[in-house]
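In what follows, chain A forms one complex with chain B and a second complex with chain C.
The block that comes next holds the complex of A and B.
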C-alpha cells in the first residue's frame, strides 16, 4: 500500500518547498471538496497533501483602495457574507455561491474551484468576466496572471511544480458597471453547470456599453473568453438586435461535447440563451 | 371486531402523535445497516464485472489469498450450484437459481457491476488491494441494453436455455423475451369499430432507481456449529432468512436475522444481494463479515425498475364512453426474467369500466442490473402511457379531463380485465374531490399548463405476525415482524392503544427478529398497516379478553360480567357487582397471582385488502428557451381507507409524488456504447432536490375498507402511479406538444419545441 502524507504548513515558502520537493504526486488542498472525492473514487492517488488553510492570508477578504484581495482558500460562504464584495462584484459572489450545497459552501474555495480545472466550474467564468488576477507563489517567486490563463485543459492548469495560487485580486469596480453570472442545470441546486456564463459591463452616462467581458463555461475544454460577444455589446444599448448578436456570437464559439449532461446542440443553444439573460442582469446592475 | 363506525369516536387513530422512531432518527442514535458492528468483524468487498456481457473463462484468486490480512476470498464456486426453482419470497415471483446467479456470477457476467468474487480482510485498504489482485479472464460478448433491440431477431442472447413462455407452439430457439402475457376482455375489434374517436401513442420510459438514501449493508456471522446470525436493514428479515437458506443450502432454523433500522427501500430491499456473500465469507474466515455497498454499487448492481416501451390505443364514443382499450407493454427485466409487466398490464386501465380490453405484455431480459420492486411495481409505467391517451381522448372530445374519467369510472361491481370484481372503492370519491378542489379551477399564466392523471394499486394482505404484551407496570409492548419503512411502528402502537383504550404513549412498538416473532412477509405492496395491523388488533383483542378474565378473578365474578371500557375493566352492569374499575396497571400488578404474564401473539394470512385509487393535479411552467420544466403546484388526492396516522399517510403520498416527479423530469439510467452505466451517482442521476419542488398538497379521501378493523387500505404505492402522466399532461397543456419519452429533461423538451415533435 502506498503512503499518503498530510501537512499543513504555516508559511507560503514552506508550502512551496514541500510541493517542489515531493517526489510523488503532491496536491494542494484548501476545502478538499473536489480533492477528497477524487481520491475516494481512485482518480487521484497523491503521496502528499499540502493543506494551505493554516497560511496567514489564505482565508479572508481585504478591500484595498476599492480593489478586493481574496485569499485563495476563502470559502463561498465567507464571500457571500462580505457585504462590500457582494455590492461590488455580485456576479462573482453568486457564481461562487452556486457551488455544491450549503455544507460544501463552508469549505469549497475559490482556488480549488479554479484549479480543479473542470470545464463546468461555476466561479471561473464570473471571475474571468470580472477581470480577476490570480497571484501565484512558486520556487521562482511570485507571478500574477489573469484567471483565464490558469486552466489549460480539463484537469490541467498552467501552474508549475511547486506553484500554487495564494490570492485573487478583483479590480476596483468602475462607475456604472455591473457583473452577473448564470448557469443552467436541470435541477435548481446541487448540480454541475451544463452551461455557465459570466458577463461584466461598464456603461457611459447615456447607458451605452463602453467596456464588456463575456466568459462561457462548460461549452469547451476550458472557460472561453468571447471577444465577439463583448464586441457586440460595446458601443450599444441592450436592444433586441444587440441581444441577438450576443446570442449568435456566443453560440459561434461553443465547442462542447455530447455527454450525459447535455448535447452539443443543446449546450450551444443554451449558451446563447444564458448570455442574453446574463447581459440583461449585468446591464441592469450597471444602471441601464 | 370493527372500529370503523363513527370516526369521531376514535381517540388515537386519526391523530398525529410524535413518531416512536423519531427521536433516534433525528439525533443520529438509530442504528442503520452500515452503523452496526460486531467485535472482530472483517471488511468485505465485492469484485464486479467491468463488462456488460462476458463469459468467465477463469478466476485466479491465488494472489489475493496470499496477501497478508486477507482472511477469505470467494467466488460462485464457494456457493451451492442450485437448480431452477420458482420462489415467492420477496415482492413478486423470482427464481432461486436466478437469485443465486445474481448474487454471484458463475459462468457468465450479464451486466456491468455483476458480482464475480468477494474478499474479507482486516481493513478496507487490504480488501481493496485484494480485489485488485483477483485475476478474472473474460471473453467479452456482444451486449444489448435497449428493450426492443433485445427483442429483435439476431440480438445477443443472454441465456441460451431461455425460451419464450406463453407462446404456442413452444419456441425452438432461445430468446431474450422470457414471457409473453395476454390479458383480455370483450371483443377489442368490435370495441374499436364502435368508437367514434381513437387516440393512441407510443411511450418510452427509462429505467429508474428507488434511490433509497441508505445503501445495502449487513453483518453476518456463522459459528463452527453452523448457527448463523445476520444483521441487516431490509424490507423483510424473514425474506433474508429464506433466501440465505435456499441459496446456501442451510436450514432455516440455523439462521437468525435481526432487523436494523432501514433508510428507505421502496421495494428495492425485498431481495438479497449481500447477505449470502457475507455468510459465505464469514464461514470461510471464521469471523463476522460486514458488507456495505457504495452508492455506485447500489446503482450498478441493485435493482432499478424497468424501462419500457408502451403502446396504447383507446377508442371512445362521442359522449365520452370509452369502448375499447388496447396496450402492448415491453418491459426490461434486467439480466434475469421477472419484470413487473404483469401488474403493469393489470393496472393500466383498472381505473375504468371498459367493455373491450386487450393487453399484451413482454418480459424482456437485457444486459442491465436485474430489476427489483419499486413502489407499485409496473403500474406507473403503463399508467404513464394510458393516462396520456385518456387525456388525448378528452382533448379530442373537448371534454373536461375529470369528466371523462367520471364517465368511465370503475366502481363497486366493476369487473377488472384480470377477473376480479371490485368491492367498495373510492375512485369516484377521489375524482369528486379533485373536481371540487380549488386547484382544478385556478388560473394559469403564460407557458404554464395543468394536467391530471389517476392511478390504481391493488394493495395486498398476506402473512403477518404480531404480539402484544402487558408489562408489569401496565405499559404495553407491541412486537411485529414487519420492518418499518413507512410508519408501521406508529400505526401498530396507535391501533393497539385505540383498542385498549389507553394513550399511545403507553405503547412501545418494536420489530421482532426472525426468532422472536412468527413469520411475516416483506414490507411491500402496501400490506403492513392492513395485514400486520389486523394481526396487531387481533392480538390486542385477545389481551383484552385475558385482562377481563384477570379482573373477573380479582373480583371473583364471571368473566362475562366484565366489560373493557376506556382502558379499564368495569363490571358489565349493576348485577355484576359494585366494583371500582381496574386499570391496566392494577391488573398487571396482580398478573403473577392471577395466572402469570399477560400477552398474546397472532399470525394471520390477511385477505381482502382494499384497492387504492389516487388522482394527481399538477401545474407546470416550461421555459421555452431552456426546455426546463418547473413544477408550480401539485395536489395529490387519494382514497386511503382510513388514515391511522395522517401525517405519515400524507408523507407517503408526498414521497410518492416526489419520486414520480423525478421519474418524469430527470431520472434515468444512462449507458455508454460498451453497456456501462454512465451516471452511477447522485450528481448525474438526478433525483429532485427540495428546492425543485413546491409543497405537495396531500388530500385524504376516506372510503373505509370494511375488511380491516379500522378501514385501512394501503397507501404507499398508489401515489407513484399518477405523477408521470399528470406531468406529461401538464407539459402538453403548457407547450402544445405531447412528449413521448421519459425523462422530460430540458434538452428533450427544447428539441421538441424546436422541431414541433415530442
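The block that comes next holds the complex of A and C.
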C-alpha cells in the first residue's frame, strides 16, 4: 500500500477539492467495508483515501418536517437504532440492516452500499422504492438526483470526478403508506442477495392503492425500477389477480446472470415470488 | 510514505503508535502496539476473528484503517479479563468447552461482550444472529451459544 495517502477533511468543499485535484485514483471512504477489501485483493489501488466521516452532517439522522435526512456515512447500526426512522421507513432500515454482520453494521453506510455499485446490494432497492434522493456535492456545486440515477453498471456510478454523496433524503411519509424489502438468500445471514425487492405503496381510505414504486435488485446489471409492476398495483387492492400481474411484470423485466447463487430461470421466478410477499407486507403496513 | 502519529485509548490505557495510511487497525494492534490477542482470519470482514470494540461499536479491525482510530477508545480481548479474574464469558467458554483450536475465540468473546452490554437477556436467536459474523470451524457453534446464554444468566444474577 505504498504511495497511499489518507486524509479526513472537515468540510464538504475541502473534500471536493481533494477529490477533484488528485492526479491518481482518489476514493471516498465512509465505512470502508467494501473499499478496504477491494484494496486488499488488489482490485483497487487508490493514491488517496478521503475519509468523509469527520465532515459535520455525514453521520447522523435528522427529521425535518416529517422528511428524514440521513448523512451519507451513517452506519446501518445507527439507522436501526433510530426509532423515528424505523417507524416511518421500516423497509429502508430492514434492507440496510441486512448488509453483512453485526461488525459490518457498525461501519457500513448507505452511500458505500450504493456507490460500490453491486447489482446485489440490499439498501438500493428499498431506497429507490421509498423515493429517496441523493444529494451530491462536487466542483460545480450541489445537485440532487433520485437514487436510481446513481448506479450505471456493476462497479460504476454517474458521479463525476470530485463528486461524492453527502446525504440522502427520504420524503415525508404519506398517510396510509408503507414500505418493505425482502431479499432471498439460501441461508439466514451473511450472504449476498439472489434477488432483492423493495416496494412502497400509498392507499386511499378504502384501501385502494393510489401510488406505488417497485424496485428489484440482483436481477440485472443495476437495480431496476419496475414501472409495470407499480402500474399493476395502482388503482387496485391486493387481490390474487393483482398479485399475479405484479409477479408477471417483475419477471418480465429480469435480465439476471447465471452464477453460483442462482440460474437465470430461478432468479426470474424468485423475483415474482418475492414481489408478491413484499407487496403484502407493504400493503399491511399501509393499513390494508 | 510518511507515517501518522495516532493517539488512542486501548483497554483503558493511553496508547500511541505510528501508522502508514494503508495500515489496518488490526495490523496496528498486533504489530505496532503488541496486542496479538486480536486475530487475522480472513482479512476481509467475513470471519470476525479480528473483532474489537471502537467507541462502543463492535467492528472488524481488519476493515478499519489505523489512522481512523485517532482519538478513539478501543477495547480488545486483552481488556476483557480484570487482572487475573476472568470475565464470566471467558469462564463459561472454558466450562462449556466452547473452543477447540481457539483461533476464533477472542473475536467471539469480544462480540459476545458487546452483545451483553447492549442486551443482558438475549434469546438464543438473538445470540445466533449477533454472532453470525463470527466463524468457528471447530465447535459447531452450539457450545458457544450455550456459554453466552449461561454467562448472560450469571451476569443478570439469575
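By our rule, the second predicted complex is superposed on the first by the 286 of 288 C-alpha atoms of A that agree within 3 Å, B and C clash if a C-alpha of one lies under 4 Å from a C-alpha of the other, contacts with A are read in each partner's own complex, and residues count from 1 in each chain.
Keep in mind that, in the parts below, a contact is a pair of C-beta atoms (placed from the backbone, for glycine too) under 8 Å apart; a residue touches a chain by one contact, two chains touch by 3 or more.
In this text the structure is predicted, and so the values were computed from the model without any measurement.
In the superposed model, A:257 lies in contact with neither chain B nor chain C.
In the superposition on chain A, no contact is made by A:20 with either chain B or chain C.
Of the two partner chains placed by superposition, only chain B is touched by A:269; chain C is not. Within the superposed three-chain model, A:67 lies out of touch with both chain B and chain C [touch as defined at top]. When the shared chain is aligned, no partner comes close enough to touch A:210: not chain B, not chain C. In the superposition on chain A, A:231 makes contact with neither chain B nor chain C. Judged by the touch definition given at the top, the superposed model places A:51 against chain C, while chain B stays out of reach. In the superposition on chain A, the chain among chain B and chain C reaching more residues of chain A is C. Of the two partner chains placed by superposition, only chain C is touched by A:100; chain B is not. Touch criterion not met for A:174: it reaches neither chain B nor chain C. Overlap of the chain B and chain C interfaces on chain A: residues 1, 188-190.
Considering their complex, residues 1-6, 8, 29, 31-33, 36-37, 39-41, 49, 51, 53, 75, 77, 100-104, 106-107, 188-190 of chain A touch chain C. The part of chain C that touches chain A in the complex is made up of residues 1, 4, 20-24, 43-46, 48, 51, 54, 57-60, 62-65, 67-68, 111, 114-115, 129-134. Contact residues on chain A toward chain B in their complex (touch as defined above): 1, 184, 186-192, 194, 260-263, 265-266, 269-270, 273.
By the touch rule above, chain B contacts chain A in their complex via residues 125-126, 129, 625-628, 665-666, 670, 678-679, 683-684, 686, 688-689, 691-692, 745-747, 750-751.
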